[in-house]
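Structures follow.
Next come two complexes, and both contain chain A; in the first it sits with chain B, in the second with chain C.
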Partner chain A sequence: MVRLIVDTLLSQVRTLWLVFMKLFQKKDTVEYPDQQPYMFPRWRGRIILSRDPDGEERCVACNLCAVACPVDCIALQKGEMEDGRWYPEFFRINFSRCIMCGFCEEACPTNAIQLTPDFEMAEYVRQDMVWEKEDLLINGTGKYHDYNFYRVAGKKIEGKDKGEALNEAAPVDVRSLLP
Partner chain B sequence: MSLEIGSPLTVGLILFAVIITGALLITVERRLLGFWQERLGPNRVGWFGSLQVVADMIKIFTKEDWIPPFADRFSFVIAPGIIMSVVLLSFAVIPFAPNVGVIDSNIGVLFVLAMASLGAYSVMLGGLSSDNKYALLGSLRAAAQMVSYEVFMGISLLGVVALAGSFNLREIVEAQSGGWYIIPQFIGFVIFLIAGVAESHRLPFDIPEAEQEICAGYHTEYSGMKFGMFFVAEYVGLVLIASLITVLFFGGWLGPTFLPPIIWFAIKAFGFIAFFILMRAAVPRPRYDQLMTYGWLFLLPLSLVNLLVTGVIILSTQ
Partner chain C sequence: MAKIVIDGIEYEVNPNNNLLQECLSQGLDLPYFCWHPCMGSVGACRQCAVKQYRDTEDKEGMLVMACMTPASEGSIISVEDPQAKDMRERVIESLMISHPHDCPVCEEGGECHLQDMTLMSGHNYRRYDKKKVTHRNQYLGPFINHEMNRCITCYRCVRFYDDYAGGTDLSAQASHHHTYFGRHEEGVLESEFSGNLVEVCPTGVFTDKAFSSNYARKWDLQTAPSVCTGCAIGCNTTPGERYGSLRRIVNRYNSEINGYFICDRGRFGFDYVNSEERIEAPLARKEGQLAVVPKGQLQSAIDTFQGSDVIGIASPRASNESNFALRCLVGDENFYSGISDAEHEATQLILSLAKDSAFNAPSVRQIELADAVIIVGEDVTNVAPRIALALRQSVRNKAKELAEGCNIPQWQDAAVRELAQHDRSPLAILSSYATRLDDIASDIVIDSPTEIANIASAVANRISGHAPAASSDEASVAQIAAQLIEAKRPLVIAGSTSGSVSQLQAAANIARALNEKRGDVIDLCLLVSEVNTIGMSLLVNERNSLGAALEKISNGQTKKAIVLENDLYRRAAKQKIDEAFQKVEMLVIDQLPSATTAKASLVLPSTSFSEQESTYVNYEGRAQLSFQVHRNHAAALPAWRWLSDQQSGDIESLINRCAEEAKNFDKLDDLLPDLNQFVAGMKIPRQSHRYSGRTAMKANLNVHEPKQPVDDQSVMSFSMEGIPATKDSAVLGAAWSPAWNSNQSISKFQEEINGDLKQSHVGELLIERNETGSYLSLDQRPNNLNENLQVAVAYQIFGSDELSAKSNTIQERMTDAYVALSPKDAKSLDLNQGDSVSLDGNGNIAIACIRSKMKQGTVAVYCGDNDIDRHSLGTTIALSKVTEAKMKRGIQGLIVSDLCEEGY
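And then the complex of A and B:
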């Protein structure tokens, strides 16, 4: 009984002493706005739409990102240019819903939609969290510098017929394959 | 007007200083708690966060002061006023320095204990009138805890009273000029410290307002300045317990003469306030039945034995 009381008391005194000595230790706090954290290049933050090396929009309005999005925060409408390229007439991301999961980036066949290490997106008005295509589009290629969808894809556009893409064989006349 | 016991200037200054200290403690506690948990605490407003208390006050004054429609209005409104006024009234008998104090009462110790008992009414009324099960549980716990811990809080002081031969706090301080009562009354000091923490329901014994179990206990339904009164009264109560320990066991204003007596008092009292905050940072909360068992089965017999031994020694040396 006495042993128990003494042990309990000593344990409390030791606890108090150890916690008191924390006063002289280095603090763990990161003073964020003054001291910016290092953001890793693959961090999943603010979403952008990139352009191909020729400066054209990469997005071909295939809607795969909107389908993959688990919270349905992406909305877009397909349009078609005279030369046969597809492009989004509008492209809208509601960042108040976006959970930065990166599924859209994984789904994108043209590397158009990409996530960046920027995370400072707070707004006072909820409506300001909805970003349109002009806000999302950047002037660079993002993470993939040489990729140009229309140069490697078999899709026919003006100035590039079937079979003229990189690493592409000329189309085969299926009738010639008949026995 | 001059600085003497009971002059209007002195009374006004003491009232002002006590309330300002209570308000400033909100910031000091947050800062110190932060340091002891390897954080920085609030350091944005003003010089190293010194104006945080102003920001807190602006927030609490501009909040809606809401009375729940199901509450009993009269006792709901009166409860925070009771605890604030009894805690402030207790400061009337505290001797801050040889000529600084409100009254020089012959029953100072009894007055403080009586006021501490009245504080239980505030907590009880606040919880009962809220008509909320968590508030009721909190006030139930608070009433039981305050009533039981008052018993040996009083008994632990009797050793000091017997040594000094007076209930007058000013005479108790003067009787300590030969040596502080912490040495002959160490057990009494420890019991008073524990009972004082339980009486002001600070963290190791904040069972009446345990956030993790019963929301905020008896002040669950309070908001705005009525909650602020409970909040500030808790800190003023902390100052009161620290001042009492200083007066009863650590020689009050006594100290080497290179500093004025009031400064010595402030230094000692602040040391105990910091110790209470350290206890909050370090010691976990016991269970409710553990608290009651500990009080009745351990602290009460210990304080009785302490009183008995003190009495025997005083009588045998006469």
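And then the complex of A and C:
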């Protein structure tokens, strides 16, 4: 019985001592938002649409992100510019449904849609979590600096004729008899 | 049946087919490109390599092309053999060497046979590091986009366009890796079937231009099995909708009717559904103007059109249900036909012939089996285009017969064509002008409509002396008669659109004479002009013609009329209609504003073909069910719903009631899918399991997603959930099967290749043949032998159909009304090609179109999109040149073989 009482008291004292000693250790708590945490570059946060190195929209409205999305929170409509490029007439992400899985980024054949380390997306009104293309499109290349889809694709656009894409020969002259 | 062994498993197969076809029939996956179920094999792509063994002792085996090897008894093959697999992988690697990096910006992506086959063959990396071959594209008209870089030279396009559809302006050019598929110069693709290139091309060289401008991926389209409403054939289609607008129409396989192909009117003539001019709300006339009816007053406005003195005017482009609902509302006696009197008379004759046991109304598949054909007065290509395509196959029966004699299998396409050269089965065309089928015809007679009827009578008389006597000095009569008598399966084609009952009667006499002479049932194909002309006419009493209705109105016997989806200005002379409209108060139900809705006192908006579930009866009396694809977001209701009590009830009970009450319609309810087979009350989804954007597409309006709309009317649901179409569903919208995303997946749903679908309905033939008939005496209208020119009515595939002519894509190919006349007549009238001409001097203006093959003294009048009041024209007209007439489109787009280019 006496033993039990002594053990209990000692335990209390030990606990107090341990807690007291924590005062002299480095603090784990981050004073957010005054202090910003370090976010890893490949963190899957807020989704953006990027531009290619020439400053044109990268998204070609292929719809692969939308079909890959497990919660179906991406909707878009293909349009075609006068110069021959495909682009999304509208591009909408319902972030109140998004689960930041990153499948859209994996599916994107042009590196247009990318997930960023930004996670500060809370809103008081749920409707404000619906983002349109104007909200998503940034003025830069994002994580992938050099890729320009139309330099690789065979489709002709203004400023890049047939045969001028990467690894392409000049267009065939059908009327030629040469081998 | 033969027994063959594939990878150690024994299968029962048809020895008349090749191995590829039989492998696919057995549900095995074997990649291919150049083979097409409808076009046979040429062995061009080398993709379907399999290992064949001589006998069970043979362990080595040899690689063969499955599409070029017969499935003969005892064959032992292996699809899974590593060497065969390796060969297929290497073949596709070389096919892909110059394929561009285009998939994200290619309309074919996601339903691409090349993507599927690449994946199936296992190729994934381009090892070849030299440059890709590139090609320039061509402008091919408003229907088709050309992106030649994507070509893998399978030759399917030219095999379809030239060999199958008889086109002349698409060809393979240059050679080796420079091979180019295009026209000799840029320009509109002339064939009426050019749209099929989109489906025939296994990759994205030919894509749908109209669809591209309003694009969605295949998996994003909400689809349902539908029926084309462009003409009376009733081809099966799959329309696709996204974000509330109808995006495209593709072919839906039906073994009896359209098979794998539809015409360009059916494929591109739908976007009137998305038109901004659609009537969106009920309109009533207030102080001379049509204004939207306030909600509370609508029912009372509709109720004023009830009572025993209200007449109903039916419509050949409305469904059976709508016509039947109107008949129930106004009563049998007050229910009038909605087609012109001449057409009504012809259609009644067609219906009486449809009950005659001496004849058979051939389906499109049966038309392909005919080995001697006579066409009396019909321009098949422009009236019922899909039948023209079938006739192009029927003339190949000679080639098939020759091939059989030489022991060449039918699927050896190139060999069969080589063997036959230009040897064709006979096709005789009696017409008032040169038609688009003339290039395959054995006998062409171009004459005035009355003379055509006379020549056809002479043919009948030649076949059997019992037919009414007729004499003609036309030299080919004896030959045509002999061909029809000798044939294994002769076919007679005529119809109501020629505008001449006597031609129809003469054609029936030919068929009757053949029946008498040969003793078998004769294929008699009688064409009508619109999707449900037959269905409507079956519901209408014979004496209740439109003329009778107009007479009743002008007599003052009725003051109120309900006009169902019909512009009556297209059905009778303008003056007559104008007179009648002054004496009657009208309730008009329609989709788009027309000259008739402009005169109505109450206009109710109705849904289009893709917004309602309905049945239609085609030219052979075949009823087919067309499902609703998408919802109408305005106030439009199916016309039958406006006409039923309280706008309630469901389509199924209406169909059941129609089957019970309407004569000849007793099989209509067999079209409804059996509800008992559904598992746990699940419906069939209209959306694919990959349908995207469900939680975002309406999020801009409200982030709280609306409930998926419930369809309590149908066995289909507006949802992704339900019975998967690949397994148990009773209806099949867009075909899809694992690893088969393209339209080639249809083979997974067929009993065997080119057989019936496992889960679909080919329709029900409504009309029973149990009567016997006799020869008809020709009802030749007296010909006023004056200086005037005899009139034949001409049609155009793009323009003659009322609704498709409202579609933007079709409008780009339409021409103005024209008068085709012979060079001699033109000279005597001092007309040049392209001059404006006044018809009878009564305000009808058309363009002179001088055609070298026209008979002197006959003109063919094409009325445009009702630009000319056709019913006011007599059997003869006088032409005079006008100088100051402005035409909208001209006739530059006109595709005929005999246009005199001089001076144009």
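The definition used in the following text is that the second predicted complex is superposed on the first by the 134 of 179 C-alpha atoms of A that agree within 3 Å, B and C clash if a C-alpha of one lies under 4 Å from a C-alpha of the other, contacts with A are read in each partner's own complex, and residues count from 1 in each chain.
Heads up, the rule we're going with is that a contact is a pair of C-beta atoms (placed from the backbone, for glycine too) under 8 Å apart; a residue touches a chain by one contact, two chains touch by 3 or more.
Computed from a predicted structure; not experimentally measured.
**Student:** In the superposed arrangement, does A:74 touch chain B (first), chain C (second), both or neither?
**Tutor:** second
**Student:** Tell me which partner A:16 touches in the superposition: chain B (first), chain C (second), both or neither.
**Tutor:** Touch status of A:16: first partner only.
**Student:** Which chain, chain B or chain C, is in touch with more residues of chain A?
**Tutor:** C
**Student:** Report for A:126: first if it touches chain B alone, second if chain C alone, otherwise both or neither.
**Tutor:** Touch partner of A:126: chain C, not chain B.
**Student:** Considering only the touch criterion stated at the top, classify A:64 as touching first (chain B), second (chain C), both, or neither.
**Tutor:** Only chain C is touched by A:64; chain B is not.
**Student:** Thinking of the overlay built on chain A, is A:29 touched by chain B (first), by chain C (second), by both, or by neither?
**Tutor:** Once the two structures are laid over each other on A, A:29 reaches chain B alone.
**Student:** With the two structures laid over each other on chain A, which partner does A:154 touch: chain B (first), chain C (second), both, or neither?
**Tutor:** second
**Student:** Using the touch definition from the top, list the residues of chain A that touch chain B in their complex.
**Tutor:** Interface residues on the chain A side: 5, 12, 15-16, 18-20, 22-23, 25-29, 31.
**Student:** Considering the complex alone, what residue numbers of chain A touch chain C?
**Tutor:** Touch residues, chain A against chain C: 60, 62-64, 66-67, 69, 71-78, 80, 85-86, 92-94, 96-97, 109-110, 126-127, 129-130, 132, 149, 152-156, 162-163, 165, 167-172, 174-176, 179.
**Student:** Residues of chain C touching chain A in their complex?
**Tutor:** Counting only chain C, the residues touching chain A are 100-106, 109-110, 129, 131-137, 147, 149-150, 173-174, 176, 178, 180, 182, 212-213, 215-217, 219-220, 243, 690-697, 699-700, 702-704.
**Student:** Please give the residue numbers of chain B that touch chain A in the complex, ascending.
**Tutor:** Those in contact with chain A are residues 35-40, 278-279, 281-283, 298.
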